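Some structures are shown below for you to check.
Here subunit A shows up in two complexes: once beside subunit B, once beside subunit C.
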Partner chain A sequence: MIRLLGALLACLTVGAALAVAVLWRPLPVEDLPLRVTSRLAEAGAGHAVTAVLLDFRAYDTLLEVAVLLVAVVVAMALREAQPDGPDRMGLANPLLRAVMGWLLPLLLLMAAYLLWAGSSRPGGAFQAGSVLAASGVLLRLAGVGFNWLDNPLRLRAVLVLGLAVFVAVGVSTLIGGRQFLDYPHEIAADLILVIELALTLSIGLALVSLFQLAPPQHTGPHLPDRRRRTRR
Partner chain B sequence: MIGWFDLLLGLTLCTTAVGALASRDLFRAIVLFMVFGLLMALVWVRLEAPDIALAEAAIGAGLTGVLLLDTLGYLRRRYMARPGREEAP
Partner chain C sequence: MSGGAWYAWVGVALSTLGFFGFVVHRHLVRRLLAFNIMGSGCFLLLVGLAGDGRAIDPVAQALVLTGIVVAVASTALALVLLRRWYRVSGESVLPEDV
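Coming up: the complex of A and B.
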């Protein structure tokens, strides 16, 4: 009873604090949306969100991608410590396989569109990467392996690609006598597209890897073809 | 101005959140969580943040749901596995 009362009291306090915070929020000192739109012409992207993510505050995005990479590295390290369990991937489901044939081209097209639309409309590398990852997860569920990525070195290369391209662009702007990640105006749009392309691949693969590295599996980070394995 | 749609959306969002948290059946909780993610994406659209809505729908509802279901399957297998049955081929 006392616990219930305590929980109720805590709920009410937090609720009241939230209400106060929402209702009496201080006015922003600076009108950020206005500042972004007024300087949008200088950025390499026509869409305000993409401009903020990959031009004005590119450093934050760089660190975000690094965080994602570290998460995958930790998952890989944890996976190494786990004993290999029985195979459970690859549902023997003909329906899923049949649907995948229709769905996969659409998903890939969608990912490409989101990536391309990112410069002028809502979309971008993270969204495209997650759609790519969704198709990868579906493929894994249908029991299809990616032979090309069986090689751990290749897998890691693609995982690191996004961050590597990002850092390379940043360093090359440093070499060119500018600030870190301060793109020259003429090629800013192209640079952002290149970065986004690399990011899409890396983010997609990173998310698939997180799914792939769930504990009971035969092998570590690579993606073996599971059709030939016997199921328990 | 809050329309009836927004009001309904907010109420449904809260209901699914409470349902996902309070459900004893874990599978039900996960499905409710995915529904919550999709509704949240709708809320982001209503708040004029389509970028976040896309990410929420793809990651919050899609991938997180798959990961949670995967974990649930793993836990169930661990729970079912008796010591004698561990050495199955």
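Coming up: the complex of A and C.
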């Protein structure tokens, strides 16, 4: 009871502090939207948010991809320290498999569209990557494995691909005598597209790996190994 | 009240609610959910304030998008840790919390 009252009091204090901060907020000293739109022609992307993400503030995005990679590395290290039993994530559900046959092409198409749309309208690598990850999670639930990615070296290579391409582009701009990640204007659009493509693959795979690296419970029935194609 | 300010106030409400849940609950999954609600409130607050009475601010939108990806990564890592902890101890709360 006393705990609940204390929590209520703390929460009211936080809410009041937030409300005060919103009510008496200082006016912005600089018109950032105006600055972005005035320099948009120099960026490699036509959409303002994509331009900020991958051109003006590309450093943030680079570190964000690194954060995602670190999360996967930690999850992998935990699995090394505490190995899991056999993989039994697949549900023996024929309906899910049938629906997947309909959904998967749509999901892949959606991911490709989001990636392509990112340069001129809302969309981009992260949205596309998360749609890709959603299709990967559905595939895992349906018990379909990615045999190609069972090889740990390949898995790690695709996971690192996004960050590696990003850093490689940054370093090559440095070698070319510009600032880190300051793309030359003529090829900025192509560079951003290449980075986004690599990021999409890495982000999608990183999210699926995180899902997969959560250990299965001890209890529960063993499912037969369904990782090979069993559809007739 | 303009559109942006409305979102900011919803963000304040969500943050407060999430904070309350985070303090009250002991079950780790509930705490994680509450923490995510708090985070969503923060994102809504940021985007709402940045879009209040002016043109849509792409800098704030990009900042929040970065934040969302980091939040997703940390939530996934937290879930992995929770399940590992559950496997080791059979508990879904931390011993210091009881």
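Simple rule for what comes next: the second predicted complex is superposed on the first by the 207 of 232 C-alpha atoms of A that agree within 3 Å, B and C clash if a C-alpha of one lies under 4 Å from a C-alpha of the other, contacts with A are read in each partner's own complex, and residues count from 1 in each chain.
Basically, a contact is a pair of C-beta atoms (placed from the backbone, for glycine too) under 8 Å apart; a residue touches a chain by one contact, two chains touch by 3 or more.
Only a predicted model underlies this, so the values are computations on that prediction, with no experimental measurement involved.
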item	value
Partner chain(s) touched by A:Pro33 [first = subunit B, second = subunit C, both, neither]	second
Touching partner for A:Ala134 - first (subunit B), second (subunit C), both, neither	first
Contacts of A:Ala77 with subunit B and subunit C, given as first, second, both or neither	neither
First (subunit B), second (subunit C), both or neither touched by A:Val14	second
Contacts of A:Val22 with subunit B and subunit C, given as first, second, both or neither	second
Subunit B versus subunit C as contact partner of A:Leu207, first or second or both or neither	both
Partner touching more residues of subunit A, whether subunit B or subunit C	C
Contacts of A:Leu106 with subunit B and subunit C, given as first, second, both or neither	neither
Partner chain(s) touched by A:Leu114 [first = subunit B, second = subunit C, both, neither]	first
Partner chain in contact with A:Ala168 - subunit B first, subunit C second, else both or neither	neither
Contact residues common to both interfaces of subunit A (with subunit B and with subunit C)	49, 126, 130, 207, 210-211, 214-215
Residue numbers on subunit C that touch subunit A, as the complex places them	5, 8-9, 12-13, 15-17, 19-20, 23-24, 45, 49, 54-63, 65-66, 68-70, 72-74, 76-77, 79-81, 83-84, 86-88
Footprint of subunit A on subunit B - complex, ascending	50-51, 53-55, 58-59, 62-63, 66-67, 70-71, 73-74, 77, 88-89
Residues of subunit A that touch subunit C when the two form their complex	3-4, 6-8, 10-12, 14-15, 18-19, 22, 25, 31-34, 36-37, 48-49, 51-53, 57, 60-61, 64, 67-68, 71, 74-75, 78, 82, 126, 130, 203, 206-207, 210-211, 213-215, 217-218
Touching residues (chain side subunit A, partner subunit B) in the complex	49, 86, 88, 114, 122-124, 126-127, 130-131, 133-134, 137, 207, 210-211, 214-216, 230, 232
